[in-house]
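Residue numbering begins at 1 within each chain, and the chains themselves are lettered A, B, C and D in the order written.
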């Protein structure tokens, strides 16, 4: 390792320690108080000028190092209401209270802890090697990526006015893929996501008198099954869409037919027309499946949140990809397909009118993946855990974190170096 | 009104006051502490020898009045986790914590408050008129009818040994039917009920990567729809069964496919062979709908509770029915069909080896029911509320409570008089 | 055997021969040409005055035997488009052309061949013993019971004017029940039946381009599954209904999504209000399941045919039942529940304003039925064949036919004797 | 127009006449007797050496014109069992008998008539201008593309041995796209297709006695709905699959529950692993949906036919695309996405070990398509007819046929010129 990366390897034990601490102490979206405190402290110690409470719990560290471009490096801080399986000594047993007021176990099941650790590793390295570059680094610790409002909240809180300008926004996400491998896609990279809350209205009553009720559970079940036809029948094989019903809740006592059922839907698309087709089909199916049961009123369909498409600047992404291949070897740098996952990272670059580049890094035992270029095949086959699974705990931590920190520094160096 | 009933009418304002107090203060199964206290106090004041804490919160009042038969009069005390709609000034706004530890609004949506008020009315009347009969009255306030364990808990707590013997067990339940009407059926009256908890095991993951998961919500929905075929296809039109899925719970965050889904099922049957057919079909459907999705393991099917058939002694029920017709007029006494609802009242008579008689009394505005002999038609048509509905609040309270108390006294008089 | 039955036993070999001939040569509804010819010939030989071609292929034989009441004895002649399994030497290999012009194997899968043979046995016996009774016998061989129009066609063809008056109409149907057992129910005996044709309109196209189509097969499948909820959720457990989708046809080539799908529905009910509820629910479900798919137009729902309730006169049926018990023994005479099957036999009695009595006789090996009073249990358990099954070929033919002929004579004797 | 195309325009009226004749007289797969005769005659007249009866009804015309490469030009001849809507004076009213022996209307609903007309136009043009090129042309009229066996049948009938060698195989297909536009994709162009016949085994019986049956229509409907989850849940959004149930047939009489149900399935995939996943999921769902109903035996799943992937040689396809752009203008030449449709054209090139190039040409009013590069959007929106639809009758016939003939000649000229 040479240039800006020299010495980064020595830093990784400390990065790993940070990772394990964050993993043990996950916090739900917009509640990342402790996390923000830990990160702010690390950045301050490294010499960054730190501002907390940006857009809620967001933290911004600024390192001004002479004239030159500004580079924004972003990690996201929030965890998920998932109960971690018992796999590692630093397992989370944390419990949180979600936005609906329900208690839930909490876990970094999407790997944001690795993003934060890698960002701190890169930020500390850039601070340590500030003789070797000039410009300004913005280390951004964003709240609430999972619910889609965190980037927007920081921008709405005056981010562009309060902090130095930047010429590129860089970010990364851990994937179920072999540790040390990197995945960069110029152009459309991640899907638009729309989440909806559907409330079905039936008529409650006694479980032994269904004829006196309109059973909302039958309606909800019919909706779930019929929604499968949206992707299977209404979307061209040439287009991409995902429609997931991620939650259904109805009823309490085993002999009381409830009055309502609640569904949470999540939709992914890569094209505005396809998005419109899918949302219209959902509305149509939800309404008519309720009407088929003689429901006393139409279901309510309310938006929960919405993520835009994440589009990497084509030129900037190619430069980053080439730099990765040069630094780490061509065999570990891949061009993936566009992903159905969603991200609000793009909001920073879009708001500032500058290019964004976002990539994935692998974080799991390479033996799990028959073909490093197609790691999803292993996930689909059930051989490797997917994001948001209760088993999504990275292995090979030190190589993973070293590669992720190095990737951030390498990409940043394209502008700063 | 004459004989044992003389003066009962004057007592009804006090009975109504008790009803409204109980309605305002509902308590969930096995948590009927306040209710038990109120009832024990009323019985003690009326001259009964009162024992509390029988089978948990059960209360037994004994009135010995010379030689003669023993008559058990029973009311049930528990309420339901239902949020009452705003219809009456004595509406419940109570909140309870159910057996799973979840908070819930609570309501007397099954009318047990009316049963208790009517029992107290009858008990006070019998105490007041003890010159006119001889024998022993057991006024039994039973906990936890809704969950099916209350009668069994009292019997297991030594009921038969600790209290005087009885020759008949009498009980009643309010129905969605015209106030002052009575419904007595000799023979099989109420269904056997079996409640089951089904846990579907899928594989969780990211909402945008369904291919890496086994979606338990799709499995649960398929089970719900396919279970409709049990009654529609597998049971003879000459037999009766009800299969209700009364609860389904799965998932939390809108972009996380959960690992499991929970269903609560309720089954009603009138014949042991039909019961076996239905339970076998449920098992078969649940297993194969999970296997159709490639579920990683079979669903778990666990019993929640089980109610036996409620069978009225044919001779005793006919005597009661004839006495009602003689006292109140033939036009208000009906022979209903067997009901799909369930009851654990029969446990007392069965345990003691004596006849049981259980009947229904109406409690709603007669104008709602085109044909008093077929009140269910009005419920089915949505014109009258059914038991367990959040609108199940009796109207015409004073005639209703007077008739219900009178019915208990009239039936008791067949043995005591 | 005595009285009117004396000598009937000797006649049974000839009745059996007739049965086997009819079984080998089944004909579809309104096409019973050969059958009618055979029956007319037998009746004429026995001394009846015979008229053919009544209401299409109907045959009426009249035997006037002095003053006295008129008794109508009816058998139905048509067979079903079912391919008989290879069980007996007199198996049908006939092929017919149905009303839609399609070829089909034909089989007496509903046992009308046994009805005809038993009627001829009874008619010959009454002719032979005409010294022992007085009055008039009408032996009616009706076409097209299966499609519901045969009795109506005979009546519309002047039946009441062209033939002698009668005081009672008697008929019988073979059941999956032990040979020699009889089943008589006063009051409502068989269900009203409504058959409907549903045409679902989608939009056809290439199997690889579902997005350019509205797939009528998905709509039809959704309708079939959702219709299961009508009986399972919308009908009271105290009421009875059956909703069967008996045919679904859509598509041809494996890579062409068709434009339409055709369904045939069959509905059974015992109560006019329940019938209305079921038909309304079917309409609602069919419409909204099509709309949920964005169908270009509403499905068509057309009636195919309709059978009224079959109601036995209470007094006449009790007299018949008592006569059976006296003649054949109480242990072989049962009071069954009302049946979901349908019959147009009632049209004769209704048209003439006289009582009808219709009963079932068993026709299968008694060892198949654990409880002769509940033969349906064996059918439900798959131990005995049901009507319309390709295995519905009676066994124990001679006792069965003797008992069926004797039953007709015994019942007729109540009026003629 | 210049070079090899000079004079082609004058030929188009005759090509159109041929088209209309073929459109009026469609024939089903492997029954293309009349069609083959017409084409053989035209080729012979143009100077080709013609062999008929190759692989059934296939026709091969050979034009040897000095030394040089061999070029195979292929059109397919068969039509579909679709009833044409009344749109054009040359509408088909033909009736055919399909492989199952059923009568059906027949229509060139996939546009093979346009392929044949364009091939004849090109073949005649090449014959007329034989001074301008040298080499050998094979004009191949293939039977039975729709059922996937025609190319294979010709090859199995000694095609490679009996006819001159060729260096490239060229073919084209009409699409729902603007007339005169061309669509060429290097690499994977069309999907693998697998068609399956599924026979569900239930237990038949009377429509009023569902409890004595296992209803195969409920099973079939459950299979259809559950199959929607294969694409919606089991395939990665990054992969492509189509699962269509194109036919379902069960039952006859409206009151007889049938014993079996027949389904025809069609599967499209672009990747062998995805194909395996889909076929395995279909098997699993079919088996378990039957088992969920307690079916007496497992469904049968039999292959109907199978098409391999159609892969265009990357270099050859780029050369063709560039030649089209040069000849017809860049604005009418597009690179489409891979298509879910299937083709057996590739069998010729694969068998001979030479490159294949297959492209689409538009054939409809350009006003129907908002974006010529994405014509499928118009089909999806219901604005333009899709292949196999009863409305798939090309408009703008003369420009369409001129462009299609010119495209064949232009592509052939790359090798022959």
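Definition applied: a contact is a pair of C-beta atoms (placed from the backbone, for glycine too) under 8 Å apart; a residue touches a chain by one contact, two chains touch by 3 or more.
Predicted model only: the values in this text are computed from it and were never measured.
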item	value
Interchain contact steps from chain A to chain D (minimum; 1 if touching)	1
Most distant chain from chain D by Cα centroid	B
CA centroid of chain C to CA centroid of chain D, Å	49
Euclidean distance of C-alpha centroids - chain B vs chain D, Å	65
Multi-partner residues of chain D (each touching 2 or more other chains)	191, 208-211, 213, 215, 218, 222, 225-226, 228-229, 232-233, 236-237, 242, 268, 339-340, 376, 380
Chain B-facing residues of chain C, complex	191, 225-233, 236-238, 240-243, 268, 273, 277, 337-340, 376-377, 380
Chain C to chain D touching residues, read off their complex	80-82, 98, 102, 104, 109, 146, 191, 193, 195-197, 203-213, 215, 217-218, 220-222, 224-225, 228, 242, 244-259, 261, 264-266, 268, 304-305, 339-342, 376, 379-380, 382, 386-390
In the complex, chain C residues that touch chain A	208-211, 213, 215, 218, 222, 226, 229, 232-237, 239, 281, 284-285, 287-289, 291-294
